[in-house]
Amino acid sequence: MYRVVKMPVVIVEMWEGRFEEQKEKLIKGITRAFEEIGVKPEWLNIIIHDIPRSNWGLNGQQASKIKP
Amino acid sequence: MYRVVKMPVVIVEMWEGRFEEQKEKLIKGITRAFEEIGVKPEWLNIIIHDIPRSNWGLNGQQASKIKP
Amino acid sequence: MYRVVKMPVVIVEMWEGRFEEQKEKLIKGITRAFEEIGVKPEWLNIIIHDIPRSNWGLNGQQASKIKP
Amino acid sequence: MYRVVKMPVVIVEMWEGRFEEQKEKLIKGITRAFEEIGVKPEWLNIIIHDIPRSNWGLNGQQASKIKP
Amino acid sequence: MYRVVKMPVVIVEMWEGRFEEQKEKLIKGITRAFEEIGVKPEWLNIIIHDIPRSNWGLNGQQASKIKP
Amino acid sequence: MYRVVKMPVVIVEMWEGRFEEQKEKLIKGITRAFEEIGVKPEWLNIIIHDIPRSNWGLNGQQASKIKP
């Protein structure tokens, strides 16, 4: 019998400007989502990439230029 | 006032071999985690990369060779 | 004076099922986009990840289950 | 009949120091490349990672140290 | 004093077709490279993405079409 | 006979705060690991993403909050 070793990695690309408590909440929530499918919190790495809006293209333009 | 547009992208790297229902559950769980910080489900893209264990290095060797 | 060396890397995540000619067209088009900002074709690596729809979460569910 | 939903994600890794207008041009160009294979601009997310040259290895050394 | 915890993740994008022993050798070599800067093998996850040549754009075309 | 063209790309996600000489050493070490499987240094791009600890989730919390 083989030991079940699983080390998922999650990379999140999102706009910069989230508050620390939002990041904390997100990390807890994603960890919970993996626990529900049998992945232990200590096996999981979550990496957040903060992206400036001028580096995010949406609808053919920089997100920093999108107006309401 | 600017419209809040946010399109996070989540990339999950994990060992292949998850069942369809585990993937479905994971997608729902991650979506819920983002909803809790104010991101609508329709803004979120989640991408799962299934990785064969022989392509995953852990502790200096291929995960396919890790024994109990 | 320093030689201008630039080696951008482009990673495309998209649903599997594109035809070969669509991939070819896409590679040509992205290469052209970089040429317009001064990047030579031989400096550019473009990598396409084909993602099965069951591995893509959209609107809180697997894209393979999205109906019209 | 199923609705065609496609949400490609493009991640660009390149040296930091591009001008805003170069980024804008690049986003427009990549968007055009996808339009040519049938992907609508509003389906496409483009994410640019600005990488400092000291964080880019090329030819076995940091790109910040490459001389003419 | 804080405990030094470091969990680097390495993602390798390369053409499919490497032999198992090449992958094993690569994983060992990358692990050694991290050990030299103080990262223990058990902290390191290495993920290899096998890319078909038709999904790799180089010099403005699919790598599967590059001739000598 | 086809020319062997191989352009692997390596992306490293790690905590910010490495010294320049550690990055340099790491780039040299990874390059050596690829040379051992037949990849020339000039074919290899290595990209380091410096991640703030508050953007790295480990064990269900931000790495910036992990205590000894």
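Lettered A, B, C, D, E and F in written order, each chain numbered from 1.
Note that in this section a residue touches a chain if its C-beta (ideal position, glycine included) is under 8 Å from a C-beta of that chain, and two chains touch if they have at least 3 such contacts.
If you're wondering where the values come from, they're calculated on a predicted model, not measured in any experiment.
In summary, the chains found to touch both subunit A and subunit E are B, F.
Comparing the residue numbers each copy contributes, subunit A and subunit F share less than half of them at their mutual interface. In terms of C-beta pairs in contact, B-C outnumbers the other of B-D and B-C. Distance between chain centres (mean CA atoms), subunit D to subunit F: 19 Å.
Multi-chain contact residues of subunit C (touching two or more other chains): 7, 9-11, 13, 26, 28, 30, 32, 45, 47, 49, 56, 58. Taken chain by chain, the contacts fit none of the simple shapes, being neither an open path, a ring, a star, nor a full set of pairwise contacts.
Here, these are the chain pairs in contact: A-B, A-D, A-E, A-F, B-C, B-D, B-E, C-D, C-E, C-F, D-F, E-F. Those residues of subunit A that touch subunit D in the shared complex are 13, 49, 51, 54-62, 65. Chain contact summary for the complex, subunit D toward subunit C: residues 1-3, 5-15, 18, 22, 25-26, 28-30, 32-34, 36-38, 56, 58, 63, 66-68.
Residue ranges on subunit A touching subunit E, taken from their complex, read 7, 9, 45, 47. Here subunit D touches subunit A in the complex through residues 9-11, 20, 23-24, 26-28, 30-31, 41-42, 44-50, going by the rule given at the top.
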